[in-house]
Amino acid sequence: MSPLDLLVAAPLAFMVAALVLGQGGRWLILAAGPVMLGLSAWLLALPPDAAHLVGNWDLPLGILLRADGVARLLVPATCVCFVAVALYAWPEFSPKAGRETARAHTFWPMLYLMWGGSNAGYLTTDLFNLYVTIEMVSLAAVALAAMGSLAAGLQYFMIALVGSLAYLLGVALLAGHYDTVDATLLAVRARPDLPTVLALAVMTAGLLVKAALFPLHGWLPPAHAAAPAPASALLSAIVVKLGFVIILRLWFEAFAEVVRPAAIHLLGGMGALAVIYGSIQAIRQERLKPLVAYSTVAQLGYLFLAFPLIWNARIPGEPWAAVLVHAVAHMLAKAAMFLAAGLMLKAVAGDRISDLGGLARAMPLSVTAFALAAISLMGLPPSGGFTAKFLLLHAAIEQGQVIYAGVLVIGGLLGAAYLFRPLSVAFGASAAPVVRAEGALRVAAPLTLAALAIALGFAGMTLIELSSIGAPPAIALPLAEEPGP
Amino acid sequence: MMAGAPLFLILLPLIPAIISFSLPERLAVWRNAVNLLFALVKVGIVADLLRQVRGGVDLEWRYTFLPGHDFLLRVDTLALLFVSLSVFLWLITTVYAIAYFGRGPNLSRFFGFFNLCVLSATGVALSGTAITFFLFYELLTLATWPLVVHNGDEKSLRAGRIYLAYTLAGSAAFLVGILWLKTLVGSVEFTAPPDLSAVPPLTLTLIFVLCVGGLGVKAALVPLHAWLPAAMAAPAPVSALLHAVAVVKAGAFGIVRMIYDVYGIGTVAELGLGTPLAALASVTILYGSLRAVMQADIKKRLAYSTVSQVSYILLGASLIGPFAVIGGLVHLVHQGIMKITLFMCAGALSNRLGIKAVADLDGAGRLMPVTMGAFTIGALGMIGVPPVAGFISKWYLGIGGLQSGAPWVVAVMAGSSLLNAAYFLPMLYRAWLLPPPERAGFRELGTSRDRMLILPAVVTAAAALAAGVFASSAVSPLTWAKLIAERGYLE
Amino acid sequence: MTAAFELILCLMILGTACVALLVRDFLAAIAFFVVFGNLMGLAWLALGAVNVALAEIAIGAGVTGVLLILTRGRLLALGEQIDGNPLGHWLNLGAAVVCSAFAVVLGAAVLSIAPDDGLAPVIDRLMPRIGVENPVTGVLLAFRAYDTLLESFVLLGALVAVWSLAPADAWPRAPAALRMTDPAALNVAESFGRLVLPIALVVAAYLVWVGSDRPGGAFQGGTVLAGGFLLAAMGGAMGLPRSDDPAFRWTLVAGPLVFLAIGLAGMALGRFLAYPEGMAKALIVTIEYFLAFSIGVTLALLVAGPPVRAETVP
Amino acid sequence: MSLPAALGHLFPLTGAALVGLGLFGFIILRHPLRQLLAVNVIAAGIFLILGGLGRGEDVTDPYPQALVITGIVVSVALTALGAAMITRLAEDRCAPAPTPEPPGDRDA
Amino acid sequence: MTADLAPLLPLVVAWPLVLALFCLVPPWGARMIALLPLAPVPALCAALLAPRDQLARIPGVLLGGGLVLDDTRAVFLGGAALLWICAGAFAVGFMAAARRPASFALFWNVVLAGNLGVFIAADIASFYVSFALVSLMAYPLVIHDGTPASLRAGTAYIILAVIGETALLAGFMLASYGAGGSLWIEDIRASLGLPGANAAILWLMILGFGIKAGLMPLHVWLPVAHPAAPVPASAVLSGAIVKAGIFGLLAFLPLGVSVPVEGTVLALLGFGGLFAGALLGLAQPGGKAVLAYSTVSQMGLVMGALGAALAAGLPGAKVLPAVAFYALAHGLAKGALFLSYGLAPACGRGWRPALLAVALLLALSIAGLPFTAGALAKSAMKLPAGEFGAMLIGISALTSALVLARFLALLPAARPGAGGPPLLLALPVVALAGAALILPVVLYPAVTGKPPFTTTTPGDLLAATWPLALAGLLVIGALALGLRPPALPEGDLLSPIWRSAAAARAAFVVAVEAGSASMQASSEQSGTAWADNLAKVEVMIRDRVSVIIFLLVVMGALLATFLG
């Protein structure tokens, strides 16, 4: 028995159950929540080197599942997000007036499919298996995005499809070249020859589309902005992270020996541009959800901006941890923000930022959730976002990377510029009377997520230790040289 | 007391904060009681700490929050100066705020954030490393923002935006500075200045500029001051709090820490950083006063006055000499109690009489003599009229300037006094000497709420007076400032 | 001789692909695409990959072709313009340059990889442990059963995703009927469908059965089944089910569910998706049957599309 | 490179060409359904690379074959989804009357 | 006798302050007027009884300084106390029906405390505090009437007072630093005499004290402020409070060391004021203004003499007693004159001659008629003033006499009827006049060590009398011809200064507003173009084909970086 399998199998079982149960599918979260959280806890409690081969079939043929630091950070966070989103989505995706609807029916299987897919993605080391998990997640994501706007969903679908294929092309080249697609084996076998670097380039480019790194983010804002709030939360929090994590694994584990400084700076530079560009676009938005969506574009930039910082670090463990903490913090905070935004927009029956007037009074808890999430996203203390940005900034300064340091700082300020705008309006007076629309259960979801994002800021050491478990040699080795203080 | 005392002291306001946030408006009485109770408890704890620290006790609480980065709280004399100022004024402001708002909307929120501000300000004071300082410094920004926008009108929202833009940019610069320094020397603790000799002077200078520039935003150093007058859109208790204690002082306090505990006066002097900073502070002093003269709104005028006055602290810190330090530190307290008096009075005037502009002050002294009396004492203190406390600060600063070979400081002091007089005296003139518009049956102290509104200002005015008259007594701020200087900076 | 055949085959593949992409008339494009798919099947046969060839012809050419034709019909009924309207030719030229550059680089990379039989020896060594003969089935359902399991859920998910597109008032009706509108064609199709469905069932069962030892297997069987279902539906021999029909739902999930259950049962005995010694073949075949059936139904319904409102029958 | 050696690479090279061709098609074609077709061509090319590179002296590696089968099924599933979306979009564009379901559940 | 009286010194200051506190209690405030005469009593006692040259430390207060009394200080203190007592007594009657008595009593007491504190402060902190109290808190007394004229006067007063305070503060800082951080006045005075002393200190002090004492170009406030105040306040302003400035100069100027430049300038300004003040006073339409100009003139005399002494390097022992003596004489006499001005309207017609007689006597005394207290004072001043100064002092009798004659001419008309003035008003005048005429004579030996009127030779007598005689002739001539002096506004230079300041301020405000408005306008324009471009970029990025092209580009770039 191992949570490594169950974390994937359980959501799939729930998916089947949800599909069969139809309109009763929403009840499943009451079982799925405890089960998945329990499995996450089990994952955290596993011994550091926990890993096993599915069906006991050995590499290079079989598939290796592994509980490394990345998984230990992201899987529990993912589970928390899913549980919270599901609880929030409950009333929204229930039968209307006793009648089952397509959305209420299909939302739940899609949720579990995405859940299983993302867990599978974090746990596996097999690049082809990753392709399948990407498709699981993308499929669900497209369906959820299409629930808001079909056009945006189609756009997303087409772009994601090409991205997947680019990734698959890389996998094909690697499979032909090395006769394996396992990352741990590739780490040993990879040579910097043309097929390898081409494979890495196309895989990275394809995944960058999925991870919506500027300038490949075009699909994200319309899709994330138009979807229903719980769907937006999942899209922004979960879906884009998978692409990022795979790139992280490719660059620092499978192909650590192949990667060149110029390439890593290319990624870092794109990340930096994403931070700036996404923030500026967010500042320009007049409507709330596009603003939050562009904020995702900006925040994803940080993840890539960190690459050169990890690469050049004296103690790579710290920026490595930082980037993972950032991913987790963004996951929690962004989910919280979309959920809170959903509640707020519903209450004012509008979607413009200027409609939010007076909400701080009418819906204090939602606004609080939004604000706490904003704090983490801006990287203000105490929050997970701060811990991450702090470590990154420290690394950037230590390495004398003035541009990255500057972008980190400016990005935080721009973040404040756009995130405080809706808050500011919410704290203002209301033009129209506001209907108070905070169900205790619904608002608990964003509030819990946001509080967790803040709480991450107090657990810096734990997170760093977690992230160092099973870290790739390129990350872990220098850490061993210099024991912590 | 245990070593966790500093942490306890910092976290104490969380309790009333949470209670305030969660109590509905109709339980205002309970909320007020809880707030007052905890403010009192905190004063008591600080009094006890004062006693202990004077006796030489050194309290410390350390927790490694990230590898190589400690969360360190230390109670030293300088910290206590700021802490005792803030807890005292907080008690006062709490009383005032309760009376000021009465039963307005959004007060649970207000008091919640109010307590978070106390928390942050205490944290700022007790921080033992620059990074811990930064954490609380940033938290302070966040906790004060809802207070700035409390009124929720377009003006205060705009003020909130400006406030954030300035302070967040400032703290970002500060963060870059301290992280840079930390990577170079390994420690940014406030205990003893690290050895900076290996670092190139240009780098050190750059870091210093970043840090002081960042902190200078909150301390409203010209040209980083614009947020402060804008923040006047906030209600009076907030202005009192922001301008007298929390925000601006946090900045000034941070700069003092930078100069004395992070760089050390030796390094600062070697690098020749003191004089430019002192010059900048002087420019701020004069510019702020000059702008204050031109303001028609009372609170704006007071705000520019704050811009000017806070730089006294910086001037004292940057001059680097025993007297200057004492002057700067003692002004930290003096300016606090005097300016809070002024703001509370201004708030009372606008609350009770609707007076907002200087031109409306006509006859306010006849209608509200007690309030205006307190205001007058505060104003005279600002001008530097003895025996109100401001004079003591100016005296030490002037002599300190001379000691440090900067005789122009005396001219700055003199010029500032003149300008202060130029904007305060006309207000007093109007209030006391011009006839009031007709107001039938107005009574200043008619209800107990009125008394609560005006009493705090009277207390602080009396404190300002006492701090000046009994400057050399054992319990005066001056004596404490001298103690700090002796223990820390005069070896 | 083989080389010449292969060269011609490849040129034809490229040629049909070109036409399928560039021809103005979409119907022609689809036709060429189906041809292209069949040529691909030939290519797989030439490569000795009969399993893939079956799948490619059944799915790549067959199902996809039907899907495209159906979609085209629906779009045309809605007045949508599908025929090619390419970009201005400067841009075309730029795109051509970029894409051929990419293809050249890709080709260079491919050329520097020596084709070999890779893991075939490894697989050969492992095959006895699972008792089936077809190495592809071995890989799909044993060595990389995890991929296959997830993939079956992708398929299921795709159907759910298609359903999620249903208009609010259409749920939980059936998808748009596939019945032919032309009476003559319907007549042919009807009789053909009646005939085909049982044959398809038998063929599918056979494919799955032989799949354990010779080329064939769940996916191939499933596609044949899907084809049968589709033809039957077109001929009106069978209606499409309502999406809230419980039996129908169980049919859909049976394959993935059995797969998952057996995987979990394996966990109880040791490892997830590990087959106990000696029972491997039986379990694999069980899984394959359920899977093939579910895949058939799923693919058919995927082609049929989301539930529609009663009045909008095209 | 001699011709026979290149012939060993024939199918993968064809695959590479198909990928390039499909990309070109995707870029120049504006209608999503035709782009979907182009995507299928790309996918076919990739499968050909994957499978072709596993061509040994006498046997073809079953491992890439299995991957290709998996890929083909995923591909058709996605194509079906894409086609359904395109259709639904066209329907909405045609008859925008009853919106599918309002975004957000205002009646909840 | 010595030890037990030590607390007297702190009490001198504390007692009026305590009385001031009582004034703050609403029900008592108005009645505190009655206690005004009692406020200076400790001071008088101290002046007479307190031990000399014994430092009374006051720990914990201010910067930990102390109070001290010596002979010079005692003269100042005693004189001031006497004047304040009499003026206070006068106020009891005069202010009984006035507006806001509580406020008057409050500030009266505070100013009193400051005024007395100045004379006994041993350290600069105490001195400065006292000086500030007496300067700034006198403002409410000046504007007590609340008339527009007095408010204007008050404004002029307070502006100059603040400037003076500031100058003093700066001077004190420099001085204290120059004296090695010492706060004691003695140390500072000693250090100022040292060769390396900062020249700015003396200039700042001359500026600060000069303003208070009405040094010529800085005097503009005095002729408007003194008359604006109620009569008792005018009396103490002119009689006692200006002396604080004189005392400050005395206390800090490094007498005994020759300081030529500063001394000469001070002398020139002082003697200039001596004549200019008097002549300007002639042109005043108001009686109190005339008296105020007379004060400017008299104080000019003192400062001129001090300047001369400073330039000549006369030791303090030769200067201090003379100045103190002169200050005493002038203070009492001027106070009495002011009070008599206030008394005049209260007198019936029958009492007017008596009043005139008293006033004339006082005027003549001030002008220096031989065998009067004033003559003694002037003769005492001739020593420090030097020869040239002495000559000027002699001539000044002419101008003094003229200006005082003018005052007498402007004494308000008596009220109809023969009724006597209220006792409460008359008694203080009489007492003060008596003191003014007698006390200097009594004290003369103690101050100069010579008996009074002994050295008077006929020549001296003639020298002292001719200016007075000439003045008498001029007055009689003018009266006969019906000549009237030109009428100048009070405070001569004040109104032009006022107008130009107002104009400058208005111009400044306009300029700043225009500047900021234009800055704001320019910053708002460029924003929209940027927004348009960004929107276009985003539309382009969202197209799925461009995403694919970007994908290819990124791929190519990555490949290039890997391979390059």
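Per-chain residue numbering starts at 1, and chain names A, B, C, D and E are given in the order in which the chains are listed.
Note that contacts are C-beta pairs under 8 Å (C-beta built on N, C-alpha and C of every residue); 3 or more make two chains touch, one makes a residue touch a chain.
It should be emphasised that the depicted structure is a prediction, and the values quoted were computed from it without experimental measurement.
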Shared chain contacts [chain B and chain E, defined touch]: A
Least step count from chain A to chain C, where 1 means the two chains touch: 1
Identity of the most central chain, Cα criterion: B
Pair joined by more contacting C-beta pairs (A-E or C-E): A-E
Furthest chain, CA centroid comparison against chain C: E
Per Cα centroids, the chain farthest from chain D: E
Distance from chain E to chain D - Cα centre to Cα centre, in angstrom: 98
Separation of mean Cα positions, chain D and chain B [Å, integer]: 66
Between chain B and chain A, distance of the C-alpha-averaged centres to the nearest whole Å: 42
Centroid distance [mean C-alpha coordinates] between chain D and chain A, Å: 26
Residues of chain A whose C-beta touches two or more other chains: 61, 101-103, 128, 132, 135, 139, 142-143, 146-147, 150, 158, 162, 169, 173, 175-177, 179, 194, 198
Interface hub residues of chain E, defined as touching at least two other chains: 544, 548-549, 552, 555-556, 559
Residues of chain D touching at least two other chains: 12, 19, 23, 26-27, 30, 35, 47, 49, 52-54, 61, 63-64, 67, 70, 74, 77-78, 81, 85-86, 88, 100-101
Touch relationships between chains, expressed as pairs: A-B, A-C, A-D, A-E, B-E, C-D, C-E, D-E
Residues of chain A that touch chain C when the two form their complex: 1-2, 5-6, 8-9, 12-13, 15-16, 19-20, 22, 52-57, 60-63, 100-103, 105-107, 109-110, 113, 116-117, 120, 126, 128-129, 132-133, 135-136, 139-140, 142-143, 146-147, 150, 169, 173, 175-177, 179-180, 193-195, 198-199
Of chain C, residues touching chain A in the complex: 105-106, 108-110, 112-113, 115-116, 118-119, 122-123, 126, 139, 142-147, 149-151, 153-154, 156-158, 160-161, 163-168, 170-172, 243-244, 246, 249-250, 252-253, 256-257, 260, 263-264, 266-268, 270-275, 306-307
Interfacial residue positions of chain A with respect to chain E in the complex: 155, 158-159, 162-163, 166, 192, 194, 197-198, 200-202, 204-206, 208-209, 215-219, 221-222, 258-260, 262-263, 265-266, 270, 280-281, 284
Complex contacts: residues of chain E adjacent to chain B: 59-64, 125, 128-129, 132-133, 136, 140, 143, 146, 151, 154-155, 158-159, 162-163, 165-167, 169-170, 172-174, 176-177, 181, 198, 508-509, 512
Sites on chain E touched by chain A in the complex: 531, 534-535, 538, 541-544, 546-548, 550-552, 554-559, 561-564
